[in-house]
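After this come two complexes, each holding chain A, first together with chain B and then together with chain C.
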Partner chain A sequence: MEQQVGTVFELRETERDRRTVLRSMDQCTKCGICHAHCPVAAVTGEFPGPMYSGPQAQRFRVIKSGFEISPMLCSGCGVCTSVCPNNVAISDIIALAKSEIMEKGRGVRLGQRLLNRPELIGRLCGIFPRLTNNLLGIPVIRSIIEWLLDIHREAPLPKVHGRQFKRWFIRHTQPEGPVVSYFTGCAIDNYDPDVGIAMVRLLNHLGYRVDVPTDLCCSLPMLSSGETTPARARARVLIDALHSSALEGRKILSTSTSCSLTLRSKYATCLDMTDVGCRDVANAVVDACEFLLDRHVRQLCESLKPLPLRVLYHAPCQLRGHRMGTPAVELLRLIPGIELELSQADCCGIGGTYGYHKNNYDIAMSIGKMLVDQVRRFKPDVIVCDSETCRWNIAARTSIESIHPVQLLMRALGKKFD
Partner chain B sequence: MKTDAIIIGSEFDGLIAATRLDECGYSIRMFSNGVGSLHYAPEGIHVLGYTSSCSEQIVTAPLAEIPHLDKSHPYQKIGVQQVKNAFNWYENIIGEIHQRVAINGSNKLAVSAAGLCIPVYGTFNHQATMEKISGKTVAIARLRDYRNFPADLIAVGLGNSGINNSIFDIGAPSKILENTVIAKAFDALDELDGYFSAIKESVPTQTEVILFPAIMGMSRNREVLATAERVLEVPCLEVPTLPPSVPGMRLEHAFTHRLQNSRTAFHIGAWPSQRWLAEGNRIVICDDMGRRFEVSVVIVSSGGVLMGGLDVDSYGWVHETAFGFHTFQSEPLRAATVEQSLNALHTAGVETDNALRPQRKESGTCRNVFVTGRTLAHWNPAMESSAEGVSIATGWAAAENARGYLETINNG
Partner chain C sequence: MPPINSNARVVVIGGGATGCGVARDLILRRFDVTLVEFGDLGCGTSSRFHGMLQSGARYAVSDTEYAAQCMRERLIVADLAPEAVEQTGGLFISLAGDPPDFADKFVTGCQNAHIPVEELDPDQVMAEEPAISRNVLRAFSVPDATVQSWRLVNLLADDVRRKGGTIFTRHQVKGIEVANGRVRHVRVVGSSGEQLLEADVVINAAGPWSARVADMVGESVDLQLGKGSIIVFSHRMVQRVINRCRLPTNHDIMVPTGTVSLFGTTSKVVDDPDTTHVCPQEIQELLDSAEAIIPNARRYRVLRAWAGVRPLYRPQSWSPDTPLSRRHTIIDHSKNGLAGFFTVCGGSLTTHRFMAEDLGNHVCRSLNLIAPSTTATTPLNKGTKNSSWQPINNFLKIEKERRFLAPVCECEAVEQSAVIDLIENHGICHLHDLRRRLRIGFGPCQGTFCGSRVAALIASRHPDYPASDDLEGFWVERLKGVIHTAWGSQARQALLSDMVYRETLGVRLNREIMPPDDYQ
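Moving on to the complex of A and B:
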């Protein structure tokens, strides 16, 4: 017989929507802890810090919203929200302010609009992937892109792969077994097929049959740069595509902490989408590492072979928003012989598409310095990180292979890629 | 994954309890809701600075004073011998993971951010105490436009204590003048020697000790100060700044770093939304995202009203936020005077037995839940100046009691 340990005294908002996010500003006691931990405020004097830009400035925004630059410099890493002792949804407040400024003010620039449609770029460039990659390697072309589209010439753009994952998946034969859905997002489909292939193979190894219901983008780039109307339209299509999986009681796995966080909570907080469909999908979405840790520790322990590697694990910013600890670290520690060091940096600097913008690039580089220094000291064989833009950034800056935790697990299982 | 204990809140006492349990080989998860109150703890380890009856009367030997405290005070519940054991353990562990703390059984007078003398039990190596500066000519290093270090106020305070002092200006290693930013900038400085050589000329002649603000590096703190002493050829000490406290953060980081590297899982932002007792007295906790954890022991170290472990309702009564445990409070927070109200706020908290186990509203004492630190009732960290001492003692005692419980159930 189960019994309550204590009576419930509910204080925390368990489900946040736009209203509860904005209302949390009144809990701010101006203690300044968020400011002390903000990676952006530490490197640039132009950003007044999360406390001022978030809950404090929000008071004035309530009266009259006008042009203001400060929220635009926020990288959205969410460190502030995670260190706040008073439960103020600081980074969400800033994100909402950002999108309001974009909508009412100067609008979203062409370059950002393009970055906001990663699958469109992926499709276009994926027609001739080698040609595109070669062209993007030419400095003059990157300078023209910077001039035209505000995308910094040194920004760590990923390599385009065409639709390699999709082609592989169609031909791939899977074992019979319980079905799980896998939400690939735009990155796997166009830029990072290896992660997707590793994930499907790992799930097959564990006895699952994988279903990929859609390859749409979760719309996070749009939503975090203020294109709310198209973001909402796209989110609706995506929710419809994923809802049947959720209704069948399947888990929807994701290998990208940012995509899964968007589905789990950003639709509610930033787009005010709180209907049944969104809730069902939000509850069905689960991070790949969390899923593995929850259900397959014993199975993995039995089959993981020693992997004598020096591994540096960097927890991506969005992982904080999941409030689930660091399941990847717990998984990596199952691998025998691994020498694991945890990143001491709060953020690698790139902040999704934040660091691509020419105005933010220098800030992003300064933020990332701490991680780069640690990499130089530790000299890892491989860097592991759950988020794709972080991996691209880290790989570009350190020239060390950066992979997703499931890729390392596959290596420890002794499985080869195609 | 198997987990023996969940610690709710990563306050100092939670970190202490986790470190102790981890040392004994138990697996732990820490739920935390924002950073802990070490961010506000600038002046070392306060064990008992003033007698609880009178905040004017300075205590010199805190451990000897414990038997005179009220019987319900956490120190009294734990007992003097256990408190001593806790401090001995702390002295060892802190020397191992951070830096040696000078603990010698009596309070020292440390210089506060306002230039006052404050009784502190454990001080850091380079912390300014009256013992180290009395009778000497002191120079206070001031950073122009830096708000968190009132050098002039400190000069007046030291002057009143009869210490000859003067102020000199130094340049900051960073453009942004915030505590953590400056501290990290010192860490990143390639030319430490160069920096201190450059300020050598501006140090007033005949200076015997230099007082810097306590922002001289975050992780490379010892190296920064050692370089300063080598180049400037006088002892260099740190005086606390206004919060957030860099020495407090160094301490917190030392503990979190050790725990993270020894398999403790930190669930930052997670908070128990449902909890119940399952088969065999196991405790099931669901976080607010719906994840379910089953453990043998829970330690509640979620802090007081400031850090969200306790909250005040609109009638002026204090509640415990994670479990809704029964709380003690002398009077509602609308008492006649401000002092009464503040005292009621500080001494309010969870009522426990001597093993720090809280009462359940319906049916007696919990066997495997322990409460620590500011979440406990019957002590006044502000008036007694005892915050870190109670954190260490209760965190350690909770871990020891939890260990006892875990051993009994593991042995059948």
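Moving on to the complex of A and C:
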């Protein structure tokens, strides 16, 4: 049997699998560009940097693996992979190393396990949302949580909304029209209903009927902290739930760049799921802004009204992994009257659930300092970012409203929320 | 009977595994030993091979007695110098198309040679070694190992020094003076000028150069020089030494060593022992054969290629078809009327100790002394039992101590402290000599980033160290190997590396890298 080999350079994102990811270590010329760009290596000497931790250390891992701890400090932001001139899948190599460490080493701590199941937290806390939110505002409670679950006492926890999006969506009447699927992930349903509502309304405005096939989590938190086996099981259920949409030729929209990246490439690279179902879904998934920019620029131009706001746009790190540029920036530029500045920071620091862990919190805060400083200088009215955990982090640290690009588009369309 | 203090002065010419082994054997028999090496220890054939510590299984069918000898010696070497040996284990795989009856002969041969052999489930082997061919029909495990030849040679040499022997490296033998049918003096030239070494016995252990040494006293040594080329893949594709289950031929071994894998070896008769250029067609031959074991071997990154010269004994009286043995030969030149001059040739690194013992016995016999060899039982390292060598030891140490800024060479995880120790405490201040001892520059970047770091460390301790010259020599030597395999990502690497040396470091390359046009 011929073995499937080749450089990552020759393969499309969805055709990458574990083997090609690991093989890409051979492409490294040790130029050090990734190291120079790594937000984590810039603020701590405890992390040896992506070049060392990725392709270089992998040469030792093929002999004996799972005996390190330093890769755990990688935030998984993926800046390294995006700047690599030789197409080494650096952050995926480190992600695979993390899962080996977890399998062979100390295992996943209880707190991380809990963080890895955001929908479970959302459901539990969503039973009494107001009570939970109030409790989580009390410093003593947060200290206890830190002690019990390793979640740093100052980490920016989102407000729990108790399935507000789902309740709204069931009662919401939609126009007849072409159907698109919307993958909400766990965040929209439990923590960030406003983004979901804005997205559905915007799609309705553009004449679509929105179908929400599932509210399952994409399992990225598990995957990036090394809980590979449950992540794979969860991913399988999700793929089955989304496959019919893909088979009907519908696009599956996502407002979270990290969820969509997981579906598009991480299942293949980190979980080695490369069957037809996964490929179909991966090819059907599209980022919301990418979709809008691709199909509805003229329509939007005609209906967007001036919005005199100072807007800072922060591109989340996972956006790079899509290799599609910054569609949100193109869309925001369509809004007349806005004063747009782009974030100079590669990463806000939070890295999904990375910065929540008490060991990583200080590193996350140091990484985010560049963005906070820029916010202080520019003094925006609103900060726009595609990724939910980044928004929660930025809002907590700057006290400035942080929203998704489609929310700003809705405002520019003059539409009101419920 | 206790060893006799003979006071006989012995000069050993050649500082490879054989020479160092002989020096150690003779010093343990209480001779006064001086070793002369024209370059650095172990820089000839001893390091220019595939780095395998043979279990002998390779020769189990063709030469069972030699195989048994290898097995015996392999255990002794691993016991004496565990820090130079990695117990990788070896595999013999029968692929579709290999002679079907060979496997059974192989098992019988191994049993006759007392080599522990075990048949494995081919499916399990293919699962454990994902890079190898999926056409494995039968698989056998044997106790092959790999050896860090420079480390071994230096351990032997250190022991010789500790016991009062003298070792001259970078000293060239200019002449051997003979009087009344006996050797008297060896004239050597080194950095400190010319010296006359008194000698009752001269041992010619110069490997492929031994014919030249013998020529100085008008003697001839009939050698057939076989150039063997090897290619290096950039990571460990296999965890065990992989052999083909068939009669040993050219290019059929894959050896994991350090963080890389070697594949070899070609065989080509040459005249000049200094021939170390690799020809393009040899690379193609190697890749063709590698593809039988590793499908798509051409798609993997090949770091470099190098060649060494095997000195095989072939008396002129033999017909050209006589198969050449891997066993060693000792020539006592007193039968030609020259007393005190011995040549040892052939053999292998695995059996170097046995060769030395055999030679020592010849020397003792010629001097009418009784002094048994004690090399197999005398500990090599000051009595301390070191744990066996693992290529990831350094890597794990850096990880454990969180000294991520300390490595001077990331490819091989070599720490600054190791380099400083050799510079300050052992007086080693050449890039090449440090490279051989620490594996600096052996990884994918081939010395692109470690060269200047190490040079800076030397310069900070030796103000008159000629850094530019040494860096040039270092990079030219790296480039000589890289240039043969510079396609794909290694071409990209070579361009980056060359840029770093020429543009950033301002090193001017004045030496010839490519072989001459008429080179065959």
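In this text, the second predicted complex is superposed on the first by the 403 of 418 C-alpha atoms of A that agree within 3 Å, B and C clash if a C-alpha of one lies under 4 Å from a C-alpha of the other, contacts with A are read in each partner's own complex, and residues count from 1 in each chain.
Throughout what follows, a residue touches a chain if its C-beta (ideal position, glycine included) is under 8 Å from a C-beta of that chain, and two chains touch if they have at least 3 such contacts.
Just so we're clear, the structure is a prediction, and the values are computed from it rather than from any experiment.
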item: Contacts of A:Cys31 with chain B and chain C, given as first, second, both or neither; value: both
item: Touched partner set for A:Ile69, first chain B, second chain C, both or neither; value: second
item: Which superposed partner A:Val297 touches (first chain B, second chain C, both, neither); value: first
item: Superposed model, chain A: greater residue contact from chain B or chain C; value: B
item: Touched partner set for A:Gly325, first chain B, second chain C, both or neither; value: first
item: Touching partner for A:Ser82 - first (chain B), second (chain C), both, neither; value: first
item: Chain B versus chain C as contact partner of A:Gly45, first or second or both or neither; value: both
item: Which superposed partner A:Gln56 touches (first chain B, second chain C, both, neither); value: second
item: On chain A, positions contacted by chain B and by chain C; value: 2-3, 5-7, 29, 31, 45, 86
item: Residue ranges of chain C touching chain A (in the complex, touch as defined); value: 134, 234-236, 239, 259, 295-296, 299-301, 390-392, 395-396, 399, 402, 404-405, 410-411, 413, 443-445, 448-449, 489, 492-493, 496
item: For the chain B and chain A complex, residues of the former touching the latter; value: 1, 29, 33-35, 39-40, 175-176, 178-181, 184, 188, 243-244, 249, 257, 260-261, 263, 265-271, 273-278, 283-284, 287-291, 298, 303, 306-308, 311, 319-321, 323-325, 360-361, 366, 369
item: Chain A residues touching chain C - in the complex, by the definition given at the top; value: 1-3, 5-7, 25-31, 45-49, 51-52, 56-60, 62-64, 67-70, 86
item: Touch list for chain A against partner chain B, complex; value: 2-9, 11-12, 14, 29, 31-33, 35-37, 41-42, 44-45, 81-87, 283, 293, 297, 320-326, 329-330, 333, 342, 344, 369
